[in-house]
Amino acid sequence: MTELYRHHETYRGVHPIVPTAFRDDGSFDPDSQRRLVDYLVQIGVHGVAILGFLGEAHKLAEHERRQVIETVLDQAAGRLKVLVGVRALGTAGAIAQAKEARELGADAVFAAPLPIQNDEALYAYYRELAQESGIDVLIHDFPENFTTILSPQLIGRLADEVPGIVGIKLEEPPVLLKTSQVLDLAPQLAVLGGLGGVYFLEELQRGAVGIMTGFAYSEVLLEIWQLYTTGEHEAAATVFDRYCPLLRYEFQPKLGLAFRKHVFMKRGIFESDYSRTPALKLDERSRSELEATIGRVGLDLSPVVL
Amino acid sequence: MTELYRHHETYRGVHPIVPTAFRDDGSFDPDSQRRLVDYLVQIGVHGVAILGFLGEAHKLAEHERRQVIETVLDQAAGRLKVLVGVRALGTAGAIAQAKEARELGADAVFAAPLPIQNDEALYAYYRELAQESGIDVLIHDFPENFTTILSPQLIGRLADEVPGIVGIKLEEPPVLLKTSQVLDLAPQLAVLGGLGGVYFLEELQRGAVGIMTGFAYSEVLLEIWQLYTTGEHEAAATVFDRYCPLLRYEFQPKLGLAFRKHVFMKRGIFESDYSRTPALKLDERSRSELEATIGRVGLDLSPVVL
Amino acid sequence: MTELYRHHETYRGVHPIVPTAFRDDGSFDPDSQRRLVDYLVQIGVHGVAILGFLGEAHKLAEHERRQVIETVLDQAAGRLKVLVGVRALGTAGAIAQAKEARELGADAVFAAPLPIQNDEALYAYYRELAQESGIDVLIHDFPENFTTILSPQLIGRLADEVPGIVGIKLEEPPVLLKTSQVLDLAPQLAVLGGLGGVYFLEELQRGAVGIMTGFAYSEVLLEIWQLYTTGEHEAAATVFDRYCPLLRYEFQPKLGLAFRKHVFMKRGIFESDYSRTPALKLDERSRSELEATIGRVGLDLSPVVL
Amino acid sequence: MTELYRHHETYRGVHPIVPTAFRDDGSFDPDSQRRLVDYLVQIGVHGVAILGFLGEAHKLAEHERRQVIETVLDQAAGRLKVLVGVRALGTAGAIAQAKEARELGADAVFAAPLPIQNDEALYAYYRELAQESGIDVLIHDFPENFTTILSPQLIGRLADEVPGIVGIKLEEPPVLLKTSQVLDLAPQLAVLGGLGGVYFLEELQRGAVGIMTGFAYSEVLLEIWQLYTTGEHEAAATVFDRYCPLLRYEFQPKLGLAFRKHVFMKRGIFESDYSRTPALKLDERSRSELEATIGRVGLDLSPVVL
């Protein structure tokens, strides 16, 4: 691994985007959040990504945001990386979030673009964010929710000219084409897949160093990643195919959060599957489809032993 | 099958949305189009859906549109249903397309909404279209490309009040929730799945009577449908899961057309994989991923024998 | 006027975008349409622009479209230019419309972009349209209705490289900045203002050679244009300011068509103010506000004498 | 004034939306902000609306936001109402902003909707915001920037069922129709016009009790309001028409902020016309057009005497 590719080394692996745990009354539940960290440490993922869109960051007050970061960092205790989501309506707000993450001890932030379609303004935003916060910044490229399109050219320019821009979580479909376009322009960037893991196999084949997504069974992504990165390409594909029906099912727009909280509750990690409004509730039919699919791919919902 | 559910009977089954065949010079290729019809008759699908978005209908001149319809109807010769896509900027244009389809002998049209977000205007559009054209109308609900959202309430009202509205091709994600919402309001409607077949198993479980989509291997969808509708639910799921990696891979935004034309060309059905601009070309990496996935699920690209 | 600026000469002046006349039963009313042409000839405008968005072109069947063109060309009889709107879902449909306009004898078309956001595809579309139709093409830049953004760079490239691209009807706000940006890149282009005439004074100051818009009192626009182009800049501003309250009032989104048809009906030009659905009807309050504003600026609704 | 219409009484009048003053180095400039308050008190407006979109609220850090509120409240010293803008990505963030406004002593907040298109979620958002913050809430209906559409039905329901919802700043075009629709459903609501004052005359005629907008010459809006509310309807129209060319010119999308800061700087109120990125700079041509228009309507840029 040369110096050029040092970010590949730093951010390789599986980094689950995790929900924020709430009690049934809607308050933050630090105990559940800690159990989730312990579970992720136990299965061996490389990092945990908190306060993303799935983490309902936009529904939290400032002090709750801080509490989630502190709780996760305390429980992680250096056993895995902690990456913190940044999203604001303007640059000053984003810098404040990133500085807080750095001061509390997080490893990096993954930052949504501003909701504007203007390359110069977006470049200035990410440059200021990286320079003024002093923490590693991964770009979060997710137009379905953030509406902003980030062109490969803009991403390449940021990677080349701004030292603090170290990676990207790529989620603009068709994501495989964009993965190659971005890596052609900025091979030094640590590209992480997303989109629920639905294209993880091909993302790895195209040069992604890992993944940052919300799929509830991180152990599956980890198995694929380990096989692939140790050269067992066929075995990686076999494992990917086995779990494909579930990857596909879980990755339905608007339903992902309810699916993941349901799994974590059934497995004894979360005390409650509560999500703050606005959020789709898990209806009976979807719950039953989810559980059937989990069963068909050979996984289960039995409680984890921590 | 009671009278109430007669549309279920009429539109049950697998109705591939097919590309329009072009020669390398961009002109319509009737011979290739006829071979595709023969292939679909041979594998036993219930209908063929032409001139949809995948059929590049918006890139055809009026006389080419007519030529495609005539060619397919002539070759079909009653051996399978022919459904024709309708999409225009206003009601008069849509009615003209639907009337032409009826006069040429098609069985039904599947009609995109107008690009307006106004329930009263959309209701009036579909009512006039059905009444004035005199041909069965299936609603094409596909906001990703048409931008218009059709609420379950609007769909239910159309199904109840307009006799010519017989079915719907449902493609607004999360599509499974909407399938149930629509059938709760309008159980008499023939609901067909779409979205590349990615949710076909669950669509059937929720009451869809079939599917209308562009997945290149209709034989796979047919096998799933036959098993499911003859009560072999577990076997249907097993078959679905086996092909899931390919269903998933093929269903990438913007790339589907190139994938399907490539498969049809390699299998000797289409002479050329030409698509009219604007269209994404099949890049080398995507081609290789597609072929690898086809191979992994046990399908092949060997020429069909007609 | 050098050769470079010959399009300025050809397309200078006031070219009203006009509604299509319908009878109360919704059928095309050629007599009213002819009266409108006579009225426009009488007041001395330079051209008439038919079958635009205001002309409800998207609500007409093919044969009605042809009938409108034939009626207007016949009545115009060379007394003013006739420009025809082109808008389709794909290139082939647009070319067919432009060819029909040329074959019937129109002077030019003004063409909406395809509903795609892709500069290469848009360039190809306008180039093919101009080359294959053989008629002068003005770009219609109106993102509020067409959704597509046309960058000054794309417009400049088309003006430089495609001989048939002769002008542009500019309507992307802030329109004055864009007028200057486009003319900096393509000074040879005939830029026509739009947006109801609300910025006509400044459009002329920035280099527009005329206007193409739907404001009901073309005589006002003509007076401003004549004063300005004969060097009476202050007088032009005085006239503009006098009518500004009406220009502003008429230019309300979604209501413009009802306003214009009401004026034409009251003035005895149109027999009916009927618009095809979907269209906002003129409510009593808006009618009364419109008439009050017409009165305040010193205009009236008395019948025209033809 | 009956009890039913008490919000009309409380929020009647002219409430300028004001920019935040920065020094040339981009830092907040409390002295300029105080001068602006003094100027507004001197001309006699009813309130001042800070931290709106024009106030660049989204570009401020939390502590700057607080500083702006404190500075304005301190300088206002009860001489005019202070209304504070609220806009966040989720309910918790909005409540925190509204609570801070109340605790610092503001009179009301005007609150942007969440960027979601879901009536139930929007209802819950505004209800929680009003109930938990304990401060009067005016809805800010401005889809051009916030993307969310608020239906008259939703607005009416909020007005009827949530005591803290006292008014609305209406800016969805065509705004006059919506003004009437909203007041038909919720006559008790204090409706304030917006959109740069371009429709102020007709807004008053349709029942608005005042205006909240950024037009740089609040004295003009005040003169119109005073004439209209004392029954001098014709005189109000005459004044409105006189200034219409400037109202129209200033109200160009994306340029308003630069226009207003330029005016305030030239008039000696603001030390600098600095705006934080992303922002359009005032180009030479627009500056010159603006100044010409100011001159034509009989206003000037001479320094104010405070």
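Residue numbering begins at 1 within each chain, and the chains themselves are lettered A, B, C and D in the order written.
The definition used in the following text is that a contact is a pair of C-beta atoms (placed from the backbone, for glycine too) under 8 Å apart; a residue touches a chain by one contact, two chains touch by 3 or more.
Computed from a predicted structure; not experimentally measured.
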| field | Path length in the contact graph (subunit A to subunit D, fewest steps) | value | 1
| query | Over half of the interface residue numbers used by both subunit C and subunit D, so same, or under half, so different? | reply | same
| said: So subunit B and subunit C are the same sequence; what rotation in degrees superposes their CA atoms, nearest 5? | reply: 180
| query | Taking each chain's centre as the mean position of its Cα atoms, how many Å separate subunit B from subunit C? | reply | 39
| note | Cα centroid separation, subunit B vs subunit D, in Å, comes to 50
| task | Can you check how far apart subunit A and subunit B are, centre to centre, with Cα atoms defining each centre and the answer in Å? | result | 35
| message | Can you list every residue of subunit D that touches 2 or more other chains, as numbers and ranges? | response | none
| query | Got a list of which chains touch which? | reply | A-B, A-D, B-C, C-D
| Interfacial residue positions of subunit B with respect to subunit C in the complex | 56, 58-62, 64, 87-93, 95-96, 114-116, 118, 120-121, 124, 276-278
| said: So in the complex, the part of subunit D that touches subunit C is made up of which residues? | reply: 173-174, 176-177, 180, 198, 202, 205-206, 237, 240-241, 244-245, 247-249, 252-255, 280, 283, 285-286, 289, 292, 296-297
